[in-house]
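Each structure below appears as structure tokens.
What follows is subunit A paired twice: with subunit B in the first complex and subunit C in the second.
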Partner chain A sequence: MSSGHVQKIKQLPWVLWIRQVQGIILFELRRSLTLRRSPFVYLLALAPLALLSLRLFFPTEQEILDGIGGINVMFAIIFRAFYLRLAVFFGCVGVFMRLFRGDVLEKTLHYYFLTSVRREILVVGKYISGVLLNFIIFGGSVAVAFFLLYLPSGWVTVEEFVFKGPGMGHLFSYVGVTFLACIGYGAVFLLMGLFFRNPIVPASVILGWEYINFLLPPYLKKISVIYYLESLCPVPIPSGPVTILAEPAPFWLAVPGLLGLTLVVLVIAGLKIRQMEISYGEE
Partner chain B sequence: MAVYKHSYRRYEGDLTARWQRLLVLPRYAYRGVFQSRFFLIFFVICLIVPLGAALLIYLRHNIGALDLMNIPDDAILPINATFFEWVIQIQGSFAFLLTVFVGPGLVSPDLVNNALPLYLSRPFSRTEYVVGKMSVLMILQSCVTWVPLCVLFLLQASLAEGNWISANTRILVAILLGSAVWILLLSLLAMAISAWVRWKAIAGALMFGVFLVGAGFGETVSALFNTKWGSLFNISSMMQVIWEWLFFGGASETGETVNRLAAGQVPVWSACLALVVIGLCCLFLLSRRIRAYEVVR
Partner chain C sequence: MESREIRFENVSKFDGEVLGINRVSLAIRPGITGLVGPNGSGKTTLMNLMTGLLRPTRGKVSVLGLSPYDPEHLFRNVGYCTQFDAFPRGTTGFHFIQSFLRIHGFTGAEATRLTEEALIRVKLTEAADRKIAAYSKGMRQRIKLAQAIAHNPGILILDEPLNGLDPMARAEVIALFRELSADGKHVIISSHILHEVDMISDQVIMINGGYVVAEGEIQDVRSEMPEHPIQVLIRCSDPGRLASRLFQMDHVVEAKIQADQKGLLIRTRDADQFYLRLNEAILETGQDIEAVAPADEDVHSVYQYLIGSNGGSTS
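Our next item is the complex of A and B:
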């Protein structure tokens, strides 16, 4: 890149754009964080917590026999099977597909378009607000679930494992993977919401693809978000008899890969929204 | 005639019979539904499996055709309760997908556009409205579940030797009852979701969510509490239990008596009870939403 280009990029009104993005994020978060607007997302995040809270009062004998190793595997299974494949996935479907399509249905998108904000800035602001919303809800849920699962083993065990052992690292990994899941799925569903009037068909296809990932051959596994997310999980889980095994993606590929996908999707979404025309009557 | 001369006059034409009024809703709904080429293609795809099954039944009874194609006699599946259970499960999945495409758009547009008073101001009750809208789904689902299965049953009965029908009446009852339970459940769920979620896409996603998240949640319950009762959150698993019971009774496919809890399944009565509870919840949600006017304070 020549110094002329760098000079041009530096001269762009970055401060104004950042302030506009902040404004959009705050406004969207205020709208979306209410229980009334996102009841199903809260339900998805709170359901496992309710179960784990119940378990505090009714611990099973098996987990006492299995010890910390057994609980590690149990949390890994819950995280992969429930949080990653279902809760975060459907949470992202609900939040990100509604970012633009919801405004069209509520006949409020033109208010955004009438403000002196570039449409690309609007995409970025709305996307970050969606990621933050999902991460606050599901990241918080994962962290609380982690402690709730280990608590029945006694506080001493929790202290030994979480604060003096590898537990805190596991917790950070799980919360980090949740964040990456919000970023990856969020980008995909934001794009779906912009391209399709009824995004249920493409969403069903993606759901099916992500769901059967364990059955896919290794080269096809790599064309999915769940493969990279599962590669980053700290505790491996026993694979089923029909699972086709594949080498997990290394950290240096998984994280930049997901971030790269997000960047590409945001660029496409930015280009798409520049040509977007609102016609509420057609909805 | 001048406008001021227009005054109220009672409608003097023929009245539609009361039981036929609710059929007006499916009539108009199908015009919209079948306008979609995608849906039409999907509907045709739904009928491919019964067509294949009919071919299998035909081949099973036509040794000449098998010889012609060099297919050994034992390569074709035996046509028994297991065969019909497989077909009903596959067709049940197609019925679910049909519901996901059609169901969310049934009630929500009427609620979003405040069109419900237009229906209910006519001699048309809330129940008739709900039954009429449900019939849109139920007729479509019937076309891919019990109707083709009954045709397959009759085809097998006509080709089989001896008194096949009387020996296998249980299969026919299972087809009819099993389909009825599945159709009613799907329709109630779709209607309730459509009434409460205003956006079709989210309602469709929620239909998937109820089944998939319910299954995942059930598995989590089972794993956490070391129990099998988590399956009660899994609608597909409950339906599987009911279908198995309808086709085989208390016995397994090989005829042995099965202890369902020991085999990792919930008892039939609990599956039935759970489905009744889900149905009642859907009815409650519908009754709360399907009203001519909604006063928002």
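Our next item is the complex of A and C:
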């Protein structure tokens, strides 16, 4: 980048933009954190915790025999099958598709459009608020579920595995993957919310694509969010008989790949929102 | 040189096959501008085009030289109180205004101060901490107004701002508009209530079926309608004698004595000539004059001449 470009970027009103983004995040979080606006998201996050809490009282013999290795695989399966493919996915559908569509339905989007904020900044602010909301809810749920799963093995085992062994690293990886899932799915569904009035159709198509990922040839697997997320999970899970195997994406490709995809999607969302008109009568 | 006008240059807006406005060219100067026309005539479309909520199908709009599609610069100087009667759920009046000031980019302390000032201006401080969902129609109207003026814009665009207000609140809000206009600001008001537009507007824009049918100061608009003779009401001691004297002027086409025998309604094709020679007629006929006033140089009359329907009531 030439020094002229650097100078130009430095002259941009970053301080104002950051303040505006903060303002949007504060307002959105305050609206969204209420149970009334997102009950379904809270239900998705709390359901596995309720089920795993039961295990504290009724541990199965098989799990005790399998030891830490078995529990590691069990959590990996729960994380991939429930959190990634179901909870975070539908949490992002619920939160991100509502970011703009919800305001259109409530006839309140014009308040944002009538402030001295660039519409692209509005996209960024709303997107970050959605990522934070989903990450707080699902990242917290993943962390609690992790401990709930290991606790029935006894505190000594937990201490050995989590605090002296690789457990803490696993936990950080799972929470990190949850964060990336919120980022990736969030961007996709924010964009879908700008193009589609009804979220069911695009959500079903994307859900179907992500679900059949294990059946897809390696080159098609790479056109999905789940491929990169699963590549980052710390514990591999046994593959089924019909799974088409593909090399997992290395860390250096998975993380920048997801972030790059997110950036592209947000740029498209920014361009779309710039052209958007307010005509609530048609909704 | 920085423009002080809101300009529409041959602007059309179609929504599919439906006409919003058609080939509108306007230059709105500072002061209070009344935007009048029947329902569906294009008033809100015009306001939405000024504020970038809609994009024109053809033509160009500029606001003080700025594009309506540059919100970062435009809305530092523009406040728009729309007709939409919806608010973000669960917010209080205070939180609603303060939150959008923060989104404008004000710091927390600035936003709080400006919110308090705006609430004082619309007399809503006591209800500030109550949820907007519990507000009456008039209070909701005032909180929208507070939100539009909170960042001290130079241009205030108000779509039916008097709807839902009781007479006392109307008077207070009209006084506020006058105050803002006296500060050199643009205040653009759409309303169905013509006598209120008449009371407060420095200039009017009349719109019908998507076309601007008249614009300017109401007297100027009225004088451009030679097919409708000007009406002048004279309250005097002997209207019969004055009527016969005035009928000698060839531009006077009608004289009606009022039922109480204390007034005379004259219709003339040349108001300037009429006023020049009126004093002479009064002296000749020895009248005691109580009042001389134009009877149809108001928005209501012009509206009726141009648009044809009765625009005196809300709908």
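Criterion: the second predicted complex is superposed on the first by the 281 of 283 C-alpha atoms of A that agree within 3 Å, B and C clash if a C-alpha of one lies under 4 Å from a C-alpha of the other, contacts with A are read in each partner's own complex, and residues count from 1 in each chain.
By definition in this document, a residue touches a chain if its C-beta (ideal position, glycine included) is under 8 Å from a C-beta of that chain, and two chains touch if they have at least 3 such contacts.
Note that the coordinates shown come from a computational prediction; the quantities given were computed from them, not determined experimentally.
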item: Contacts of A:115 with subunit B and subunit C, given as first, second, both or neither; value: second
item: Touched partner set for A:209, first subunit B, second subunit C, both or neither; value: neither
item: First, second, both or neither for A:42, with subunit B first and subunit C second; value: neither
item: First, second, both or neither for A:34, with subunit B first and subunit C second; value: second
item: Contacts of A:81 with subunit B and subunit C, given as first, second, both or neither; value: first
item: Touching partner for A:51 - first (subunit B), second (subunit C), both, neither; value: first
item: Touching residues (chain side subunit A, partner subunit B) in the complex; value: 40, 44, 47-48, 51-52, 55, 58, 60, 62, 74, 77-78, 81-82, 85-87, 90, 93-94, 97-98, 101-102, 105, 198-201, 203-204, 207, 211
item: Contacting residues of subunit C [partner subunit A, same complex]; value: 15, 48, 51-55, 69, 71-76, 78-80, 82, 84, 86-91, 95, 99-100, 102-107, 147, 151
item: Subunit A - residues contacting subunit C, complex; value: 16, 19-20, 22-24, 26-27, 30-31, 34, 36-37, 106-108, 110-119, 125, 274-275, 277-280
item: Subunit A-touching residues of subunit B, taken from the complex the two chains share; value: 38, 100-101, 104, 198-202, 204-206, 208-209, 212-213, 216-217, 219-221, 223-226
